[in-house]
Amino acid sequence: MKIGILLKEGPYNHQASDTAFKFAEAAIKKGHTVDAVFLYNDGVTNVTKLMDPPQDDRNIAARWSELSQKHGVEILACIAASKRRGISDDVLVEGSAITGLGTLTDIAIRNDRLVTFGD
Amino acid sequence: MLHTINKSPFETTTFETCIRFLVPGDPVLFIEDGVYAVQSGNKFSPTIERVLKTNPVFALGPDLDARGIGDIADGVESVDYEGFVGLVEEHQVNSWF
Amino acid sequence: MHVLRHAPHGTIYTYEGLEMILIMAAYEQDLSVVFIGDGVYALKKGQDTSGISIKGFSRTFMALDGYDVEKLYVDRVSLEERGLTEEDLVVDVKVLDAEETGRLMQEQDVIIHH
Amino acid sequence: MLHTINKSPFETTTFETCIRFLVPGDPVLFIEDGVYAVQSGNKFSPTIERVLKTNPVFALGPDLDARGIGDIADGVESVDYEGFVGLVEEHQVNSWF
Amino acid sequence: MHVLRHAPHGTIYTYEGLEMILIMAAYEQDLSVVFIGDGVYALKKGQDTSGISIKGFSRTFMALDGYDVEKLYVDRVSLEERGLTEEDLVVDVKVLDAEETGRLMQEQDVIIHH
Amino acid sequence: MKIGILLKEGPYNHQASDTAFKFAEAAIKKGHTVDAVFLYNDGVTNVTKLMDPPQDDRNIAARWSELSQKHGVEILACIAASKRRGISDDVLVEGSAITGLGTLTDIAIRNDRLVTFGD
């Protein structure tokens, strides 16, 4: 099955990002394709490489980056939402990109499921 | 259609609102702070009991454990993330937050 | 289907939701928007945001008609609890009971809450 | 002590919770989405009426205007941002959100 | 006075609130912490966050004692509504009625909700 | 009167940042001193200079920067909260700085009021 994910909250402040990641991992483990994670609202702040959490905590941006590189999951931040929140190409982690909302429509159409995580 | 709810029923009206739109037979999955709804013996227990008469109810086990909720309402099934994926295999998703 | 559930201005969810709806409307044929809970406040007439320095957008809902988004549904209980009637809203909507909305939701492939 | 409330009473329990801890005489100021509480003729009107018997109640005018709320409960006073500052001059602040 | 009102893990407010309390405790003499609403869940025994990959912190509340933060208050109604008793909590607290907490709040110069 | 502000949410997503700004402006207009705005939780994302909202919208970071430079208001982001969210010295707008939580204690002590804005 092909699954798209829509993530609407930023890292650490809300569990949405953690649940979305755990869900994506489990879906891949069960043999599904996670096609893309689309970041909207504060969700765009998931992919700043300037993130530098305490050593004993998870690094959420690095985790998405790794998921993208290992399993070909596209990690896409909405451009309008990114501009409002200071996310630009200069700060993106590897494996992530900025794109328009039209891409989310494509993701919704080409996947069997679109699962939203928000707060 | 799978309904997920991630908000504590004590703090927001998300739970009550979702319940109003449930079609009998559709599964409900509590995740994140939503899992407090299925803790046995709290003020939402009667509502959970009522929902269980028409709809299967699940709660995400890792979220229950994280919150120290050992005792959940009879009839509610705990699932892990793979169980969550399993429900998504069978249903389109309606995420309430 | 898009579900608008937040009051306008206090958070950006409704405004960015509307931005998403407008883009998707350009792609999709069959788009519906449901207003539930405080989401109905987004349609209230007479909003003037100049005093809080936030861009108003209630009139943008009128533009949805031009984008072929003609299915605007409002939850009856949400409207009544807030002491509002259809007369208080900036656009024509269809008022639905929860059961009707529930069945409508069940027919959808994709539902996004804002 | 000035209590500010910025959440819609329809969506969260912040309003009810704050009200439980009010000491008579202390002013309450509704701001942001909190101002929906004082719209006249909604289901929270009886609660506002009860609070008004013991506490002065204010609402931030620019937030009322932004939401198209023309008609507010009798006895509730609309203030602008300078009025908000005026209340802070007189009281320490307890911000509920 | 710090007021903890959110459940742990679903949002970071309680955790970052606790970080703030620990730093402030090193500076201030007279610090109190009140648990209201879902805030009481932060103190619940038996939390195991390994399955959600988030750092647990309920045991850190035990450390408050060492920082001279000995005034931990819990709202009685919040506890009862959630079917909890003092036995369910990781630390000793003083359970207060809303009226007592209200009066305590009124004595404060600074109140920060988390 | 000397007033300190604690701001706990990021820009645009929540009105907290707007209300805090309007409140600060009004306090200054009434002759009070706004000593500092301390940013905590997602609030730290108020001061990234990479923010680039639509032309017809307010620029929240620029607005804080201007307030700081015109009226000497310190705009301070908590270091631990900033690191989690990818706010570093590289992206700070002029007039803002990153500091420890100890500073908030100082702000609370040296001001007549501490007013919190959150969500």
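By letter and in written order, the chains are A, B, C, D, E and F; residue numbering begins at 1 in each of them.
Please note the rule applied: contacts are C-beta pairs under 8 Å (C-beta built on N, C-alpha and C of every residue); 3 or more make two chains touch, one makes a residue touch a chain.
This is a predicted model, so every value here is computed, not measured.
Each step here moves to a touching chain, and the least such steps from chain B to chain F number 2.
The chains touching chain C as well as chain E are A, B, D, F. When the interfaces A-B and A-E are ranked by how many C-beta pairs touch across them, A-B comes first. For the pair chain A and chain F, the fraction of shared interface numbers is greater than half, so the two copies use mostly the same residues to meet. At the far end from chain D, in terms of centres built from Cα atoms, lies A. In terms of the distance between Cα centroids, chain C is separated most widely from E.
Between chain C and chain D the centroid-to-centroid distance comes to 26 Å (mean Cα coordinates, whole Å).
Of all residues in chain C, those that touch two or more other chains are 9-12, 37, 52, 54, 109-111, 113. Residue numbers of chain A whose C-beta contacts span two or more other chains: 12-13, 15, 19, 22, 41, 57, 80, 114, 116, 118-119.
Counting partner chains per residue, chain D shows two or more touched chains at residues 6, 10-11, 13, 32-33, 62, 80, 92-93, 95, 97. Looking at which chains touch one another, you get A-B, A-C, A-E, A-F, B-C, B-D, B-E, C-D, C-F, D-E, D-F, E-F.
Note for the complex: chain D touches chain C at residues 6-8, 10-11, 32-33, 36, 39-43, 61-63, 65-68, 70, 80.
Taken in their complex, chain A has these residues touching chain E: 12-15, 18-19, 21-22, 56-58, 119.
Residues of chain B that touch chain D in their complex: 10-13.
Residue ranges of chain A in contact with chain F, taken from their complex: 10-13, 41-42, 45, 48-54, 57, 61, 80, 83-88, 90-91.
Residues 6, 31-33, 62, 80-82, 84-86, 88-89, 92-93, 95, 97 of chain B are the ones that touch chain A when the two sit in their complex.
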